[in-house]
Every structure is written in C-alpha cells, then in structure tokens.
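By written order: A, B, C and D. Residues from 1 in each chain.
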Amino acid sequence: MKHDLSKIPDIIARYPQRPESVIMVLQDIQKEFNYLPAEALYQTSEALNVPLSKVCSISTFYNAFSLTERGDNIIRVCCGTACHIRGAKQIREQLEELLKIKPGETTSDGKFTIELVNCVGACAMAPVVMVNDKYHAQVKPNRVKKLVAKG
Amino acid sequence: MQSRLVVNPSLCIGCRTCELACSFAHAIGGKPTLSRIHVHPGGHKDLFVPIVCLHCEDPACAKACLVDAITRNESTGAMELDQSKCVKCMACVAACPFGCTLHDVQFRQIVKCDLCGGDPACAKFCPTKALDYRSIALMRTAG
Amino acid sequence: MVSLTINGKVVQAESGEMLLTVIRRLGIDVPALCQHDAVEPYGACRLCMVEITKESWNGWKNYVTSCLYPVEQDLIVQTHSEQVIELRRTLLDLMLARNPQTPLIQRLAAEHGITKTSYTEVVEPDDCILCGICTRICDAMGFHAISSVNRGHGKEIAPPLHQPPQDCVGCLACALNCPTGFIRYTDDGRTRRIWDRTFDLVTCEKTGQGRVTREFAAFLTEHRGIPEEYFRVNDESHRKELAQTMGDITNSTREE
Amino acid sequence: MRIESVKQLVALQKELQQQDKKFARKILVCYGPGCLAAGAEAVGEEFVKQLKKRRIKGVSVEALKKTGCHGLCEKSPLVAIEPDKILYTKVKPKHVDAIIDNTIRSGEIIEELLYEDHETGNRVAHYPDIKFYSHQTRIALRNLGQIQACDIEDYIRVGGYQAMAKAITKMKPDAIIDEITKSGLRGRGGGGFPTGRKWATCARVDESPRYVICNGDEGDPGAFMDRAIMEGDPHTVLEGMIIAAFAVGANDGYVYVREEYPLAVVNMQRAMDQAAELGLIGDNILGTDFCFNLHVSRGAGAFVCGESSALMKSVAGEIGEPRAKYVRSVLKGLWDKPTVLNNVETYANVPVIIDKGADWFTGIGAPKNSGTKAFSLCGKVRNTGLIEVPMGTTLREIIYDIGGGIQKDRPFKAVQTGGPSGGCLPAEHLDVPVDFDTLTRLGSMMGSGGMIVMDDHTCMVDVAKYFLHFLVEESCGKCVPCREGLYQLHDLAVKVSDGVAEDGVLEKMERLSKSIVIGSLCGLGKSGPNPFLSTIRYFRDEYEAHIRDHKCPAGVCRELITFTINPEKCDGCMACLAACAYNAITGKKKELHIIDQEVCTHCGACVSACTREAIDVA
C-alpha cells in the first residue's frame, strides 16, 4: 500500500509546535496512515523539538500506535470485563481461526488486522466488535463470518 | 585561610614519593589507586617536574562535565570530582589542557587531585619541599 | 538540620537530604539498583524500601523508597524489619526470574538466601534489569540518544527504531554506568563501536590513542566552549608538554 | 454572539424556553454508545426524513433531539417521546412510520414497542414507572436523554451555566470551596478523596500558574459513565471545571479524554468551541476579569494514565510513567505546578451543588457519602445500562430492582466493582449499602463505577486471571513489583486455571500479592493484586477445586472441561457445527452431532450457538 507521506508536515502543523503536542500529532498521523511511518517519526521529532528517542518511546508505550503497517480493515475485539464474561474470547478465537492471524497481525493480503482493545465503552451491549469505526453489538460467535465478509 | 600547592621543579629530585603518597592516600579497600600527580622528566639533565592539577580559575574539566560532577571546594579551593556523580564519559580527561584529570583503568574511575581535603599527602611526604602546601597569605608576606 | 532515628540510632541530617543518603552514611547496607547520583532518584527497583513511622502516627507504618524520601524530623526508620527483608527477598526472587544469569542479581539474591528463582524464568534472558540508569544519564547529558521502548514486561532499552542512534555521540556513559554490563561496546583507542554505530576517536598526535569521539569533542567545543586544540593530544602528552615547558623555565632560571 | 453579563445569560435562557414551547411533542432519539452500536443512527435519519416529508404541525425536524445515553442500553435503540414520557425500545427504522402516525400525531401508544416488565409481563407506558428508572436519582446524568447532546443552547435552556454565573459573579473563591467542602462531595473517579479539601489545598499554594484537569481517561473496562457524560452532556463538565478554576485560581484547564472514545473527543472540543463563541470560556467571562481557557488532550491508550502523575505526564506529551516522588500532584502537578485533577462525574456534580446548595446535596445519599453515584451496570444482568443511584443504595436494589435480576434467572454469583483495581463481592454482601467506605472495607472499591454482574457460569479464577492479564498488559514497566510481580502472579493464576498448579500455590500468591501491594510505586501496582485477593477471599473453594480436583465448577477454564452433546436434547440442527471454527463437530441434519475430543479446543462457541442447551460442559 502506498502512502502519501507528503501529508505529514500538514498534520504536524495542526498543533502548536511544542513538545506537548507530540502525542496528538502522532495520533493524527496514526489515523491518516493506520500506522506510524518512520519518516513521520523523524519529522515529528524535528518539528516539535522532541528527541527521536522520546518519539519512539511514546509511539511504543501507548496502545494507540503501531509502527508496522496495518490492514485496510481493522477489526477490534473489545476485551473489556463485560465483554469477557459474555464471551469475547470466543469471538476472538473465531476471528483468529477464520483469518489465520493472531491479534496485532495483518492478513497476508493486507485486508484485515485484528486488534484487541481493553474497553470501547459499550459494555451494556457486550460482546462488542468494531469493524473500522462501526460498532457491532451483542456479537455471537456464529456472526463473525458475516462481519468479516461485510468488512 | 586558603592555601596553594606550590610546585618547585628546581627542588625535585625525581624520587616519586609524591606519586606513592598520592596512590596510598586515595587507596580503595587498602589498594593504592592511580596517582593524581605525575613526575615527568623536565627535558634537561637532572630536572624533574611534578605535574598536578592547577585547580584553574576557569577549569576546562568542570566546563566539559555534563553532569556537574566537578565542583570547587570553597574551603580548599580545589576542583573536586564527585565520584558518585561521575558518569565516566572522559570529557574532563580529554578537555584538561594539562592532562591532570586521569583515567584509573584498574578501578574504572576518573580521578583528579582533590588536595586531600586540605592536607595534600604529596606535599606532606615530599622530602625536598619541591611540593609545598602554603597559605596564600603567608606567600604574600614572604613576597 | 533535622533529627531522626534510624535502626534505633538518633542521627542528624540536612533537610532535603534523601533517607538513603543518610542510611548509607551510617554504613548500613541497603541495596539499590536504579540509583545514581548523576540523575534524579527514580524509585524503580524498590530494593531500598524501608519502613517508616512516627510516634505521632499511632502505630501506623508506611513503606517508602529511601532513595527519594526526604528526611523528616522525628521519623523512625527501620531498614531491615522483617517485612522489609521479606519484600527485598521477593523483589530479588522476581528479578532473578528475569535475569537468572546476571552475576549482580545472582549475588544480591544469594545474599538474601535465594540461589534459584521460585518463579518462572523468562525464556531468553538477558542482563538488562531496566533500572533506567543508561537512559536517564543520556538524558541528563542532553543527548537523548536511547530510551525505553514498549511497556510493562516487554519494556526494553533501545536506540530509536532499533537503528544506530543518530543523537549518540559515543561517550559510553550508558555502557560504563550499566550496573550489569549489559550494554556492550568495543574500543581499540582509534575507533569505538556502540549501539551498532562506529565512531572515530580524536586521536593523540603523539600516541595515536584517543579518549573521546570526534562527535563528542565537537559537542564539547560547540556547547561547552572547550577549545578544539585541547583535544589535539591526550592527557599523558599534555603532561609531558607541560613538564617540558616548566622544565625549560626552571632550567633557564637555574642557568642564571 | 458573546454573552457579556448574567442578565444576558438569563435573557437567552428565557428566549430559548419560549422557542421550545412551540414544539407540540419532542422526539428524543438516544445516541448513546449502546444505542449507536444497536443502530440508532439509522433510526434518527429515518425520523428526519419522515418529519421533513410530512410537515407535522408543531413537530418540525427541530423537535427531533439526538440525546446522550438514556440509560436502558439493553433495550436499545431507545426513542423517548416528550412530554408524554413514552419510551420505545428496540426501535428500528421500520417503526418510525407508525411512531409518527400514532404517537406523534395523536399521542397514541404503540404497545409492542414499550418496555415489558419481565415479572408481570406488563408493558410500561411511562418510563419513570419502569423499575429501572424509578429507583434512580439523577444528578450527574440529569441531562442525559433529556437534551440534545452537545448543544449549548439546549443546555442553557435547561438552566446550564447559571451555576457558573452565580459562582463567578456572586461568590468568592473561598465560599465556593466551602460550599463544595460542606457538600461532602468525594472524587467520583474511584479514590473518593474529598473534592473540597483538594481544591482548598491547591488554592492555598502560593504558586502560579495553576491548572485544572478533567480526567476523562475512563480506562476501567466495564465502565462507560464518563463516556456517556462527555458525549451526551459535555457542557456540564465544562461548567464544573470553570467553577473549579475560579475557585482555585486557575486560568488554564485540560480535559484528558481517551482516544478510544472518538465521539467524546469531538463533543468535548465542540462544546469548548461553543462555549468560547458565547464567551463562557476565554477572557473576561460574563464581563468579569476572570479568564479561563480550556484544551482537549487526547489519551492514547494506557490504563496507567488514569493515575494522576502519569496522566499529567501524558498531557505534557511524555510517556505515562507515574512519578515516584512523595509529593502530591495538587501541589506539584502538571509541569510541576499546583493542579486540581477531578474526574468527569465529579465535575458534573459541581454545578448542581452550587445551584442547589450543599445542604440539598447532603440530603441525598448516606453519611460521609453524600450525593449519588453513576454506574454502568453490565454483565449477566437483565437490564444493562447506565444508572445513577443515591449513595447507600444496596447492591440488591441495583441488581434486582434496577437491573431486573440475572439473565435467564440464573443464580447470582458475584458483582465486580472498581475495575481492575477493585474486587468481586459475593451474594452474602448483596444487602450492603454501596458507598466508598463499605466497598473498600469488603475488599473491593467504588472505582469509577463499572458494575459487572456475574452468574454461576462465571469462573472466579478466570475473572482473576482476566484482570491480572489486563494489568500485566497495562503496567508501565517502571517498577519491579508491578512489572515482574503481576506478571508472575498472572503466571500462577494461569497454572491454577490450567489445573497444573502445585500445592501451596495460593499461599505463594498471597505472599507475592502482599509484596506487590507494599512495594509498588503507584496505585495501579498497589491495587494490582486486588482481583486475586478479593476472589480468594470469597471464593477460595473454587480455587481449591481447580488445584485439588482439577475441576472448574463454573465450566469455564478450558483445560479442565470437556464438551459433549446430550443425545436426548440434540435435534441435529447443525447450528453448533456451523459455529465450530475448528471443525471438531460432525453430524448430519436431523441426526445426532458428535464432538471430536481430539480436535475440540473447548472454546465454547458451540454452547452459545446451541438453542436447545444440548451441549454439556463438565
């Protein structure tokens, strides 16, 4: 997948050019590319005057960031407590088996990435799966195939 | 009353007692460490020069130290290196134009003269007073 | 000045001093693995924890890391209470699970009666104890070349993107202050290699041997005002030169 | 337009109330997290389409309000009709026609869309009569489900920003702090620290600048109260923060929102923009010389950032490692300056207290625990959703009256409160009052308000293992007891769950837990062993069954269970076969299915697929 890295300076420019903007800048970059390209880390470090090592530290500390490219569709399985006791684990295993990847990995065709998230805050509708930005409530294991097919 | 370590090469006989005294004065666990004073040949017959830290007014060692481990002891005037703060980066060793901060290979530490806290062993043991620890006030009156 | 009691002994300390400093001044052996005077206390290894209380606390006790707990008037400190020792034992037992082959940890654990961890050892152990001394010193020196990456049990110390670090000047402070010697480097007096990056040393005109890298010397010149020519020869040659100069002067007065 | 004085604010409110009167009926479509997940957006769009098309008198498109969480998420999507107080449940776009034709036009009620009381089977026409609502008292959630989410005009219409106006024009900072102190308001984020005392400490420090921060990093899995407030009623949070800032003398504030709540991020920012446009934040608020600016700071996914010093580091753009220093963040917080940090729900209470007074507030709740607490009620309870009850309400009332009891009438086993740092309380404590002190005394904690109900199909070893796993993943890795200790505690819990633990493992886990509690650097580590400690306290038998008998009584721990198909119940419907991702089940339609024990991974997908409960777990 080709990424238009020329967008990076504009994204960085959205925030005050100060060190405290670094997390928000990286979040916007992550949102744009679905991961943090190395080039973006260099430019962020330079523009915000944050050492590159700190940028790398931040981008591996927080869950929101990924340093490797991810799939076109990101399937997030909520593993919050409510989802856990209502069977999130089964959903996750169905997905792993279906896509033949583990959480954090991307299918070889670059179409899907599975991610586990700790709580998306839709606990009353557990178990919840998010496909890209769409929430799917009260997911049953046998609905997983459909979810993937739609994605 | 501040004193200075006065070096008079014309009195030095090259016996190197000062080096021994220094090593033992700074011994770690009974083991002598690298001497902070070094007696070098003066380039002329029977001439020896003990080289030891000058505790400069504007010391390069302290300027080069990025963790502020070298500071002046206000009572002795010595530039002292705080061993527990030192990060052994050798900036001071490389920066001193007189070669008076040293790398003690055996004990893996950086060492420099600290005037033994105001009673330098080198001067105490110098048999010829080539090294003499004298008060500045007395030096002035003596001219 | 404040006065406090440590292991039953009343002692005086400067206000603002940390407990550990005072404890060590008394010659009491309290282990600490993440403490280095060049950097701020960090409180990560927890080995230096002690038990504190005060008469006025009505029997309430607290456990604090002595490396960053400032002394307080009337504090009563126990450095080796039963609970503190139990805590240290557990910590070392846990550390030994992460670093089973690290001599420093083995020795400390053995001093606390542990020769083998009672927990599950990590699969591919190394010698990094994650004390953070390397990164904190690197930060304190202003280079910020390396940092911690990831978090939790998967935390590690690394240069950015696991590439040779661009901000490194090869000063070796990280390696030389690593308590376990985990950070490796080579140095033959002419070139130095650390974090997969090779540095040329500023070598002495006379001996051909160097102490600092070109990058470090350039930094000291630019930011700390150390003249470039100071790095021309090494310390030994500097001394010899000075001896020659002084010798010449002495000799000339002698001839008069 | 800028509001320059209190007079103008009051005038605007009057005008907005007048405008509102023109609506014969209002349609309140819940756009809360649950309803959105269940498809509320399509319902809302259908209403817009229909209302535009039909041009009903007194019910223009403006009469449709997209509200924050109405509460009863289990029955989502929800649509309320006001002023009739009708609540329609599980509304689909296809129902919209009928709702407009019958209810909107003539107030006629559509029976089948009403909530059905599971005990009596009766349909309840007016939602305040539903037990789920009738047992609640809403303060922090007062506007949720009642006004258009994130709409400053609707907020001002119902009295918004009046408390702020009163505070900054009629009260001295000290008087505000006194009022909050007198109200006994305690931090709703979990710790329960008296809010007034925190503010007083900050106000007393002779240093500036000072900051106020709102902790919207609702990291506890199973909790979504703060999310609902930030999405549905962000202005109440802003109003609370402005009052706090005025009281402690801060001119800058940050709202730290976790990025997993994108709508909360958007709505908080939008609310700030709206407030700034009206001059309710910014320079010279309401013509006074008080200036206050607000910023959104986005969390990037780290539970530890709920810890105050880690949160402040994150706001400053660093990694969220807690600070080890023994100095409170109220004295040295953001950029080492005095900082008041409260959570979303705490701020949401502030305007109401200022408006109605401390005496009114202390009249609600229990001694030393005044006011209410919002909870997200979820798990195996019939009515999941967002609730708010007076402090001191019993667990039984919450779970059985509000929550409607356990799904499928299974036996209640435990309720988990306080998130990963909290604990599980068993049936014997169902009648204890829910307040900060009682929950802590029983080995759990209030936490931010997640309340997860568990039935007999929940294994407590598995629950402990789950939380420990969560904490291992979320540990920042700075200090040894948390990084290594929780890792090993989880490792031991896995061994118990797998039935391979040695004798004495529980005692070892207890000893290790004690060291982690004493030794850890921050609250996350110190409370890390709680999931284990609280479950072992009440469910030791269950642990022992795993170790001694190699059995998981709840039928959850995989290594200790087998699945078999009961030939008497199986009707050969193929549902389990389709659900099995491992192809471990064979059989033909209308014939008995067989599970191949060699291939079966004990995942349980077949059990949830089977409609006849024909799969036995043993």
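Note that in this section a residue touches a chain if its C-beta (ideal position, glycine included) is under 8 Å from a C-beta of that chain, and two chains touch if they have at least 3 such contacts.
A quick note: this is a predicted structure, and the numbers were derived from the prediction, not measured.
**Student:** Can you tell me the least number of steps between subunit A and subunit B, where a step is a move to a chain it touches?
**Tutor:** 2
**Student:** Quick one: which pair of chains has the most contacts?
**Tutor:** A-D
**Student:** With chain centres defined as C-alpha means, what is the inter-centre distance between subunit B and subunit D in Å?
**Tutor:** About 68 Å separates the centre of subunit B from that of subunit D.
**Student:** Measuring from the mean C-alpha position of subunit B to the mean C-alpha position of subunit C, what distance in angstrom results?
**Tutor:** About 25 Å separates the centre of subunit B from that of subunit C.
**Student:** If you average the CA atoms of subunit A and of subunit C, how many Å lie between those two points?
**Tutor:** 37
**Student:** Touching at least two other chains at once: which residues of subunit C meet that condition?
**Tutor:** Those would be 148, 150-151.
**Student:** Going by the touch rule set out above, which residues of subunit D reach two or more other chains?
**Tutor:** Expected reply: 302, 319, 473-474, 476.
**Student:** On subunit A, where are the residues touching two or more other chains?
**Tutor:** Those would be 54, 57, 61.
**Student:** Okay, what are all the chain pairs that touch?
**Tutor:** So, checking each combination of chains, I get A-C, A-D, B-C, C-D as the touching pairs.
**Student:** Taking the complex as given, what residues does subunit C use to touch subunit D?
**Tutor:** Interface residues on the subunit C side: 41-46, 49, 63-65, 68-70, 83, 86-87, 90-91, 94-95, 97-98, 118-120, 130, 132, 148, 150-155.
**Student:** Would you mind writing out the residues of subunit D in touch with subunit C in their complex?
**Tutor:** Within the complex, subunit D touches subunit C at residues 302, 319, 324-326, 472-481, 483-485, 487-488, 491, 508, 511-512, 515, 518-521.
**Student:** Would you mind writing out the residues of subunit C in touch with subunit B in their complex?
**Tutor:** Within the complex, subunit C touches subunit B at residues 36-39, 137, 140-142, 171-173, 176-177, 202, 211-212, 216-217, 220, 224-227, 230-231, 234-240, 242-244, 246-248, 250-251, 253-254.
**Student:** Could you pull out which subunit B residues touch subunit C in their complex?
**Tutor:** 7, 9-10, 38, 40-44, 47, 49, 51, 60, 63-64, 66-67, 69, 82, 84-91, 93-103, 108
**Student:** What residues on subunit D touch subunit A, complex-wise?
**Tutor:** 33-34, 36-38, 73-74, 76, 218-224, 227, 259-262, 297-303, 314-320, 376-380, 384-386, 416, 419, 450, 452, 454, 458, 463, 466-467, 470, 473-474, 476, 575, 578-579, 581-582, 601, 603-605, 608-609
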